[in-house]
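Structures given as structure tokens follow.
Okay, so chain A shows up in both of these, paired with chain B first and chain C after.
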Partner chain A sequence: MDLLYYPGCTVKTSAKCLETSGFAVIKALGHNLVEMEEWNCCGVVASLTDDDLMHHLAPLRNLIHAEDQGQEKIVTFCDMCGNTLKQTNLRVQESEENLDTLNNFMDQEEDYKKSVDVQHFLEFLRDDVGFAKLKKSVKKPLKGMKIMPYYGCTMLRPREVAIDDAEEPRILADLLKSLGAEVIDTPYKIECCGSYHTIEQKDLTAKRAYRISSSAQKAGADAIMLSCPMCKFNLDHRGKDAESLYDGYKQIPVYYYTQLIAMAMGLDIEECGFDSHTVDPIPLLKEKKVI
Partner chain B sequence: MTEVSGNECREKHELEKIRIDHSLAEELKDLCEEEFFGCYQCGTCAAGCPFIEEMDLTPDEVIRHVIMDKREVLSSKTIWLCASCYTCAERCPRDINITKLMEALRQIILRNSVDKTDMSCITDEELKKIPQIAFVSLFRKNIG
Partner chain C sequence: MTTETNTEIARKTNDADTPEVSALNIYVMGKRYLVPAGLTIMAAIEYAGYQFVRSCGCRAGFCGACSTVYRKDDEQKLHFALACQTTVEDGMYLVQIPFVPAAKAKYMIEDLKAEENTILSLYPEIARCVSCNTCTKSCPQDIKVMMYIQNALRGDIAKAAELSFDCIQCGMCAMRCPADIKHYHVAQLARRLRGKYIDTLSKDLKKRVAEVEGGQYDKEIEELVGMSEEQLRGLYNKREIEAKKKKEGE
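This part shows the complex of A and B:
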């Protein structure tokens, strides 16, 4: 099956390993991701003020271009892109007046006909492929790996665009189980990583990473698995920074779910881009004999 | 531990530039149609907020300031620490979207041409490593 794919800027630059490992997985599952034409930045954070329609233009233009390409669904890897595109889609679905204003403003584009569904790649794996089927593709189970699934914010909140329950999500835990890993649950799995404060308030974000990662370690985890490139940077990189703030603290490896699926399916490790991580994720995979 | 962009003197000077012709509640009407007068100060928002330790006002205190038309809320660190994680909005028993209220308060300031970001502290090495979504989010949240 061909799927229309919306990349967003981060998976093309600092989170290339999310895209390459995701592509390897989808190919191995017998599907094909086709990058949409003329995509633009989604704006990353949804416009939250009632009178601000301008910041819905960028996400809406992407939805229009998906319609132009005759598709009813776009798939994203990035949690923040998925959230922003879904929130704009919801806003125009709920307000015909807002949609008219936006359509009229973009007079060089076709009108949006509200036919596009935005799907996170995790939703595709759960709902269209199914974790039971994914389990059958596992050649090297992640046996003995104790992993904390970390959800963060944008795949769970606001509830109108969430892909799972905001307080007790299970999608990543279910995925981990299908890969043969042991799930380590902590209440910090749904707490914010510090987000964009990572630029101006490094210590604040390092403290968030420490809180989240140390709670995982106390519960017995030897790694974290997540989906969002922002969370990945903060837990992996700022988590490493936290080592200089907290005596004796050592940051554990942070994996994208696509990387762990690729490893469990026995795919080429080169597709995982592990060299871009701050905390080397390879030794643990070797120790647990996954590679 | 906390590093808040800018300094208090600059912020005081900047706040003098902000024109508010009506009460805060009135100013917020077009920005955020939330029933914040329904807040009964239970503190659920404060209890779940991941940045609460760094805040000078708890989220429920921010709401109380708005209700009481106390404009010093606009100079609080809290509204800039909020990173729109929606935890408070998700848990509020009165179904008040506090995330939207925080954004609306930021917008009152930003729409008076007061930017809150100073990029001079970023090293070249960090510039190469920090994900693009972080920069776009920061600019969207802190620049008018």
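This part shows the complex of A and C:
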């Protein structure tokens, strides 16, 4: 099956490994991701202000481009993009007036006909492929890997666009189980990573990364698995920074779920782009004999 | 030039002995002038009595010096054009934009690398793009301005360079942008990065540079340097024009 793919800027720059490993996985599952012919930045964070429609132009323009290509669904890897596109989609579904205003402004585009559904790749795996079926594709179970699933905020909030329960999500835990890993649950799985504070307040973000990662380690985890590129940078990179703030602290590796699926399916390790990580994720895979 | 004289000119052009040329009303910075139809905006403004000191360059659609903003009598939206390339229309309210004071990043191209974040680090404001597409609408060259900014943002330098190739740096995009992006400077950086680091070097260029450095043309240059202005003019006027030669050949 061909799926229309919305990439977003981050997977083309700092999170290339999320895209390459995701592509490897979807190909191995017998599907094909086709990148949208024309797309722009998702808008990054949907504006929640009633009259701030300007910031809904970017996401809506992407939805229009999907309609231009005659598609009713777009799939995306990035949590932030998925969240932003879904929130704008919802807003225009609910407010004809907002949609009119936006359509009128974009007078060089076709009007949006509200036909597009935005799907996170995790939703595609859970709802369209099914974790049970995914489990059958596993050739090298992640046996002995103790992993904390980390959700962050944007895939769970607000409720209207969430892909799982905001307080007790299970999608990543279920996925880990199907890959044969041991799930380490901690209350910090839905704690904010610090998000964009990472630019101006590096220490604050490093401290948050420490809180999340050290809680995982205390519970016995030797790695973290997540989906969001923003969370990945903060836990992996700022987590490494935290080593200089806390005596004896050592940051554990942080994996994208697509990378762990690829490894469990026995796909080419080159597609995982592990060399772009701050904390080397390879030694643990070797130690647990996954590779 | 007064409106009265304009009316006289119009009357004269409508004389029975001369072929009929319709006259149009245009407004230059708010003042009305009657000009003959068929002129470019630039020629019409000159017809009205103005002499260009700025806002005029090559007169051939290449240099981008004559960017013009106009509105038509019955429209609420602004239009953007090059004065030397656009035919004047009745009821045009015109203003020339001779210079755009957009800030330009300072860099040494030799010190840069063509990486995903190279453009973003020199022009971080591209991340403020809200995809309103106002830049595209303001481009007299019909370039997909917003799309090349989006390509720059996602680190696709080659694509940003390709999409912006026809840019003449008039700067209208930067004047209209609500996010203060300096599109045309971003585009120039993209093309420089592509030219220097992404595209393969032309073998012919390498050969020619070696010829130049090997002194193959030194004698000709020295001869030219030694010539008087008169000799240079003569040589220039007798120069071989490829297109002309071809035409004569036919």
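In this text, the second predicted complex is superposed on the first by the 291 of 291 C-alpha atoms of A that agree within 3 Å, B and C clash if a C-alpha of one lies under 4 Å from a C-alpha of the other, contacts with A are read in each partner's own complex, and residues count from 1 in each chain.
FYI, contacts are C-beta pairs under 8 Å (C-beta built on N, C-alpha and C of every residue); 3 or more make two chains touch, one makes a residue touch a chain.
Computed from a predicted structure; not experimentally measured.
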Superposition on chain A - do chain B and chain C clash or fit: fit
Touching partner for A:41 - first (chain B), second (chain C), both, neither: both
Which superposed partner A:2 touches (first chain B, second chain C, both, neither): neither
Contacts of A:247 with chain B and chain C, given as first, second, both or neither: neither
Touching partner for A:97 - first (chain B), second (chain C), both, neither: neither
Touching partner for A:14 - first (chain B), second (chain C), both, neither: both
Of chain B and chain C, the chain that contacts the larger number of chain A residues: B
Chain B versus chain C as contact partner of A:108, first or second or both or neither: second
First (chain B), second (chain C), both or neither touched by A:55: both
Superposition-derived minimum Cα distance between chain C and chain B (Å): 5
Shared chain A surface residues [contacts with chain B and with chain C]: 9, 13-14, 41, 43, 55
Residue numbers on chain A that touch chain B, as the complex places them: 8-10, 13-15, 41, 43-45, 48-52, 55, 78, 80-81, 153, 157-159, 166-167, 190-192, 194-204, 207-208, 229-230, 232-233, 237
Footprint of chain A on chain C - complex, ascending: 116-117, 127, 129-133, 136-137, 146-147, 150, 153-156, 178
Chain C partner contacts - residues on chain A that touch it in the complex: 7, 9, 12-14, 38-41, 43, 54-55, 57-58, 61, 105-106, 108
Chain A contact footprint on chain B (complex, rising order): 1-5, 30-33, 50-51, 54, 81, 83-87, 89-90, 97, 99-100, 103-104, 107, 117-119, 121-122, 126, 129-138, 140-141
